[in-house]
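Here chain A shows up in two complexes: once beside chain B, once beside chain C.
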Partner chain A sequence: MNAAWLPPLALSTSLVAAVVIFALPESAWRWRTGVNLGAALVKLTLVVLLGYRVVEGHYDTLRFPVVEGIDFVLRADALGMMFAGLSSLLWLCTTLYAIGYLENSPNRKRFFGFFSLCVGSTLGIAMAGNLFTFLIFFEMLTLSTYPLVVHRGTPKALDAGRVYLRYTLSGGTVLLLGVVLLYSLTSEHSFASEGGLETFLPDHRGLLLLIFALLVGGLAVKAAMVPLHGWLPRAMVAPAPVSALLHAVAVVKAGAFGILRVVYDVFGIELSVELGVTTVLAVAATVTILYGSLRALAQEELKPRLAFSTISQVSYIVLGVSLFGPFGTIAALTHLLHQGLMKVTLFFCAGNYAEELGIHRIDELDGAGRRMPLTSLAFTVGALGMIGLPPVAGFITKWYLGMGAIQAGMPWVIAVLVAVSMLNALYFLPILYRLWFRLGPAHGHGAWPEERRLGRLETSAWLLWPMVATALLSLGAGLFAAMPFSPLGWATAVALGEYLP
Partner chain B sequence: MSIRFGLVESSVAVLPFTQPALWVALGLPCLLGVLGAWLRPQRTWPILLAGLPLAASGIVLLMIVEQHGLQRWQLEWGKLTVQLRLNGLSVLLLLLTQGLGLVAALYTPGELRHADPAQRRLERWLWPLLGILVGSLSLIWVAADLLTLYVALELMGLSAVGMLLLPGKVESLVAGIRYLLLALVGSLSYLLGVALILGHWGRLDLAGLVQVVEAGPVAWTAAALLGAGLALKAALFPLHAWLAPVHGNAWVPVSALHAALVIKASLFILLQLWSVLIPDSLFAAQLVAWLGVIAIFWGGGLAWRAVELKSLVAYSTVAQMGYLMVVFPLLLGPGIPASVQGLAWQGFWLYLVGHALAKAAMFLAAGNLILATGNTTLQGLTGASRQLPLSLLAFGVASVSLIGLPPSAGFTAKWLLLRAMVIQAQWAWVAALLLGTLLSAAYVFRVFRYSFVETAPHYAFRALPPWLDGLALGLALASLLLGLFAYGPLTLLQGSR
Partner chain C sequence: MMLPDTLFANALWFNSLLSLALLWPLLLAVNVTWRHVTAGDQGVPQYLDGWWLSAPWPALGLVLLGNGQWILDGWILGGQWELTALSRAWLMFTALLWALAALHARGYFAHEQAKATAGDAAARRRLLRLAVLWPLTLAGNILLIVAQDIASFYLGFSLMTFAAYALVIHDESERAVMGAHVYLIMAVLGEGMILGGFLWVAGEAQVLTLDGLREGIAQAPHGVAMAALLWGGFGIKAGVIGLHVWLPLAHPAAPAPASAVLSGAMIKAGLLGWLNVLPLGNPLLSEGFLHLGQLIMVAGLLAAFGAAIYGVMQRHPKAVLAYSSISQMGMMTALVATGLTAPDNWHLVWPALVLFVAHHALAKGALFMGTSISEHLPAWPLMLMWALLALPGLSLVGTLGAGMASKWGFKSALYDNEQTTLIWLLSLAAIGTAALVSVALWRQWQQRQVGKGNGWQLYAWLATLGLALMTPVWLPLPSESMPFPPFAEWPGLVWPLPLGVVAAGLMLTLWRPKPCVVPAGDLWWLYAALGRAGANVYGAMAQRLYITKAAIVKRALAMETLLMQRLEQLLATDAWMRHHASGLMMALAVGLVALLAWESILS
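Our next item is the complex of A and B:
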């Protein structure tokens, strides 16, 4: 039984929330908060319902023609629901956090309106059933993120916004060309189509390569793969909830998710291997992983270090995609979720340090563990996960990446993994050392840059609990990885569906 | 091609309701205009009420065409024969004209209320001129002979000039008179072309001409004369220089209607006549396309450097007309596959309609911003996002369609055009279209860059009635959603074959 109304209903929660928020006056704080949280909860419920129906074997689909031969398709499938689940869960956390973070600052109406649009576009990306629909939401995401990046309105923020648009709109144009070429070759080809593009291989090898290059090239801009990553560190000027959302769910993940779709659902993994593009992808991902880690090492401020770490971490997903075999796929899919949970935690922590103590630089963190124990614990969980220590979620990814590398016959990837884990340790462990073992203002040495007492606990409750929740989730995703509905369990199901007909 | 315009010789029995509906659609705007000059409405609801029968006539005509296809009329007064035809395309453009005319009329009281009293001396004449403009535009979409087209074109041009002159400022007088002179030159060229056709083939009805015209020097000369005249009126590059001053100095609803419909009417006639006279010409279409490529970058560059908000919007029109010009070789020329021509045909009209809605929305939004800030430059918008969110939102949604980002009509149209170009392997035009998209994003986002500045001092902005923003936002959303729900209108366009 097809419930065609369910995907648009889930999508409309965010869009309706955006419209209502735009219509409310700036001062209606309570109403806005209510609408935000209500919509986030309703959406999470609907996404869970959709996911449950996918497990039961109902792929709810809404479809109507836009142009002759091209449909607008919203379809709930296992891969999409994974991403949708992540985005709705983190939307709830980030909304709570943002309410606390932006308290008493101007332009909150604009912020939350576009924030909702941004998350709505992410859900659209997750549920897009073909590349045409994907493209629609992909560009919507670009546009709805711009006001968030320039939110502060400082010259630096405006410049970051301009750079962001230059990169993403150019990427979108390249993607558009790729999609048009693909449609000219195949006419309608949805993600659910049986069989990849193998039939075109004998006659159109060059064209297929070109299309792949255009599609992945356009998506790689958002996934911040080197050398198309320049916008991401600059976009750090945005408020902390925006950075958290950009890095964990929305923008970079949209790019990585698009690459997943192109490789698995448009070309098919066998054809990608046949074309030889997976090797290129693996090399590009490796370069990005190493480059991002090295640059992260050189940063002296907290947020830029996390930003370069994101560049590095997101390419694990691409690396997993490029490893032919179920383990590589599982690694890619789990990391999509794990990296989101861990990174959002780290950015919440960075935001908390900045809000409560005015800390922006890493060398100001000395002894912060005593002043803000929960925040520092959460940061520790996130950082250890990023390094890949068990039992945090990041370990699972690296383990499966290693197994995938062996399965795909690319043992050099293991050397890369070891090297990059060392680099991760090199740039995260000094921070942990400073947090817990160095003496600082909390022990009576010096003073915090700008201390504010935002709440009865170590900081305002709005800022604290979402962070604790995501930290626990990152821990739980690793600890309970063997449970059936853990990220790993879900990813395994998707990967088996991909390889076993 | 001429078949797509509904130019076929056949004797279809006219359905009973059709003729009255058509007379209402053509005549009622002028009557309402006279009524407006007499009553001078200050509120919106009487205007809305008066517009209802007009919209009803359009919807009746739409239903008739949807169910029964092409409609033709032949009216004779003595020696004079007037040919009219109504197909999917005409009915679509007719509805667009009625809708935009109604929105412009609804906007007018708000604009006049805030205008300088010295400029309001002639305001009562705006109403009849608006009525004549809408009526003559409607006539252009349905006329099927050269003489009727000429009469409608002149009526439209003169009423447009009249509306542009109404503010009575020196700048608007200069711009308006220059426009009048150029429009007269254009008409002269058009008349020469018509005279040539009448002298050589002895008939003026388009459906008949399709049968008798053969390629040759006469057809080429006539096409060149008609084309030059209409290109001047449509502000096609390089004959666009008069456009920006005209738009910069007119009242907002007048600029909106002018950019959205008046220049496009000339383009419509141009394409229609060329599809009759030179359906297989290679050179003319190619020339137009290459001029269009230059227009995209020239207009985009000028818009990028524009200091005034209204001239940014006006130069963007020059660039946007360039996209339509680039489509010409996919519509006219020897040996174009029917599938490509179909895609290009749909893309062309969808782009035109989408742009009309978006550009009208953009002018209204720009007018709101200027009314509220009291400053006509982009600099004047500094920090506006805090106080004028709705006007900026309308501007933003309109620019989404203008840039051609999804899910707007501009995007869907570009998609169709790109597919047609890819099938024909016309990579130069693909590149022009894509680079032009980036260029338009560059100039549009300048507006937002200014508006998001937070460090600016707080200017005292004038509060506007919300329905002014509502009108702009409504048009912008129509243009945005048309892209997603384009299937119905596109089927209507195809049905005219």
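Our next item is the complex of A and C:
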């Protein structure tokens, strides 16, 4: 039984929300909040329903031809639902957070409108059933994120927005070129072509390599792989919820998700190994991981440090993809979710420090643990997870990456993992030390840069509870990883059920 | 053996008590936080109250309950918690030491509690931190003992390692901060090596349990390298020579009860790590493992002697005791090595080793607590006090009580295998122990103070002392593996004592190097200098890269400007064409007409 109406319905929640929000006047705070939260909840429910149906074996598909030979396809499959589930869940948290964060600031209508569009595009990417549909939503994501990046309207923000557009639009063009080439080769643009691409291997090896390079090269811009990462640290000028969305859910993840699609669905992992591109990917991911960590070490402000950490962490996903074998695949899929949960927590924390105390630099964090204990605890959980210590989710990923490295015959990856864990410790532990062990304004030494009392607790409840929830989820995803419906359980089911020979 | 293997065969009892043993410390940490929060902004609750003291008690109850196993399917990567003969004995002495150290801490920190109550915000903050992180450290320690799956073990080990940072840094003096940082840097290094080893072996052998890990190492083609990596990783905790540098810096800085558990329980966790991962006593080992075993033995003996020689030159009694710990751990390391060099004999050696470890844990605990007693001497006869303070040391040397039994235990185990050279070397090392203990006592005597003591502090110390001397009585090991030496063997055990005391006396009178010549932490200063040099080189490289990058960006921008200029020139051409459009059109039309005319003329 194919419920073709279900995927477009899930997609339309965010799009309708966006339209309604644009139609509402700026001052209708209550209405806007209601629409935002209602849409987020409905969407989460629908995605859960879709996921449940995928488990039952129904891949709901909507398909209609746009022009002769080119179809628009929305399809719920296991990998897509993983990503959709993550984005819907984190959208709910981020919306709550953003409502608190932007309280009393101007242009909220524009912000939430594009915010909804952005998340709608992410869902579209997750459910895209072929490259054409994927491309549409991919570009839509680029365009709907731009107003969010430049939201503050300062020269620095506009500058960052310009850089962002240059990078992502060029990336999109390269991707388009790859899709067109692929279409001209196979006259098909679906993810999994009927006969597979193996049939073209003997005659068109070079062309296949070129197509792979174009597709992955275009996606790598969004996934912020070195040397195409330049836009990400600059985009840090955006408000904290946008950074959280950019880093954990939407943009960066869309790139990584696209690479997953290309390797597993378009080419297939065996063909990728046959072409030898996985080794190249592994090396590129390794370079990105190490470079991101080294640069993070040198940052003196909190958000840029987190940004470079994202560059490093997202490439774990790519690294997992490049490790041929079940464990590598499981690691890649799991980290898609784990990195989202942990990074969103860290950005919420960074936002809270900035909102409540006006803290932007790391050396202003001295003694903040006393003033904002819950935020600092959440930050601690996120940071330990990034280092890869159990029981936080990051450990699970690292474990499976290690297993995958041995399985793929690349034991050197373990050395990289250990090195990057140490680097992570090197740039996160000093922050924890400052939070908990240094004396600061909370102990009567100096003053916070710009303290505000936003709520009865350490900060406003809107800012506090989404962060606590994501921190608990990061912890739970690690502590109960062996449970059947944990991220690891879901990733294992997807990897073993769909992508492995 | 005083305790039966199992009191209740009931799995439900075992599982509930095991979860209580792990959860109780965590709940107490929450409880302390809660009492702190509800006391208000300035309120000061009794941080180390009766509940807080009870943190390790459920674990002790678990030991009494007996062996058992609990499989947890949903836990991390699949949990397997177990009390075996080894882990039960280990949990017994660990939990006992933690319980006694907590009692001691109640007295040790009474002064700080009074200051906090009087309104000292700094004391209040430090006490809160200690009261929260002490039970967390304990929970990690308990978990790593009961864990038989890799993930739980690693979780327990990391939790203990990182939470203990707060115990070391407690008094926030410059020395404490320095010691804590050295501790943390070495701990992170260790964690990295352990993680690498775990991933490597678990990937090769596809296992999740420590059992499987041991098997995997024994069979893997690179087994020796894996074993060496893990040995190094745990060796940082266990104070292997070269990796021991944090001990003499962290121990003197930490408060006495923290030093006691650090030296008594936590560095033993490194040793337990070895027992858990190295394929000790496996008869089918390749040649490489024999060499690794020999290497480990040499490292152990080097530590046993080197730390003794270096330690007697220290001024601070706790630094002397830290070196004594390194020396003792060296002897244990040598015993662990026999599991690789003479695997057939391992079944005799390991119970003796556990007895040695348990006795050292309590005795070293008593010695570290003793340093706080000598700073607050009660009004008891001085002779009695010094006799009591010396007792755990005498036992460690092997001249009385449990120490004698322990020493006789491993000696007879080694005799069975005719490892006479090793026995002889270990006896020689006992001279070092005697010298170190004498020097520690002498330093305590020099720095003694009278009064301001506290009953908790004193009686907890006495209890630790008593239990240390009676280790074989309460340690749940088969009693045949803990024989008391026959009288005829006593001289063979006692002789290192007088030699050691004489050596210490000679040392103290003949040569007194300045502290700057023999700084505590020895090799650390070399490592720090090397690290700094490395960081400088890296910084210079990064700087050069930055300059290169800036130059490239500049050139690219220049290129872009140039290109844009060309483009604009082109556009300007366009404007010129537009301007002269009518004329050009005309010219074109004329040309075309001419062409047509030319063609028609031709035709």
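To be clear about the criterion, the second predicted complex is superposed on the first by the 492 of 501 C-alpha atoms of A that agree within 3 Å, B and C clash if a C-alpha of one lies under 4 Å from a C-alpha of the other, contacts with A are read in each partner's own complex, and residues count from 1 in each chain.
In the analysis below, a residue touches a chain if its C-beta (ideal position, glycine included) is under 8 Å from a C-beta of that chain, and two chains touch if they have at least 3 such contacts.
If you're wondering where the values come from, they're calculated on a predicted model, not measured in any experiment.
Overlaying the two complexes via chain A leaves chain B and chain C side by side, clear of any clash. Contacts of A:213 after superposition on the shared chain: neither chain B nor chain C is touched. After overlaying the two complexes on the shared chain, residue contacts for A:479 are found with chain C alone; chain B is out of touch. In the superposition on chain A, contact is made by A:161 with chain B only, not with chain C. Residue contacts after overlaying the shared chain place A:28 against neither chain B nor chain C. Legend: residue contacts after superposition of the two complexes on their common chain; A:184 is shown touching chain B, with no touch to chain C. By the touch criterion defined above, A:110 reaches chain B but does not reach chain C.
In this overlay, which is a superposition and not a single complex, chain B and chain C have their closest Cα atoms 5 Å apart.
On the side of chain A, the complex with chain C involves touching residues 298, 327, 370, 388-391, 395-396, 398-399, 402-407, 411, 414-415, 417-419, 421-422, 425-426, 429, 436-437, 443-444, 478-483. Those residues of chain A lying in contact with chain B across their complex are 22, 64-68, 70, 72, 106-107, 109-110, 132, 135-136, 139-140, 142-143, 146-147, 150, 152-155, 158, 161-162, 165, 169-170, 172-173, 176-177, 180-181, 183-184.
Within the complex formed with chain A, the residues of chain B that make contact are 346, 383, 385-386, 389, 393, 400, 405-407, 411-412, 415-416, 418-419, 422-423, 430, 434, 437-438, 441, 445, 448-449, 452-455, 483-487, 490, 494. The touching residues of chain C, when paired with chain A in their complex, are 73-79, 121-122, 125, 129, 151, 154-155, 158, 162, 166, 169, 184, 188-189, 191-193, 195-196, 198-200, 202-204, 206, 542.
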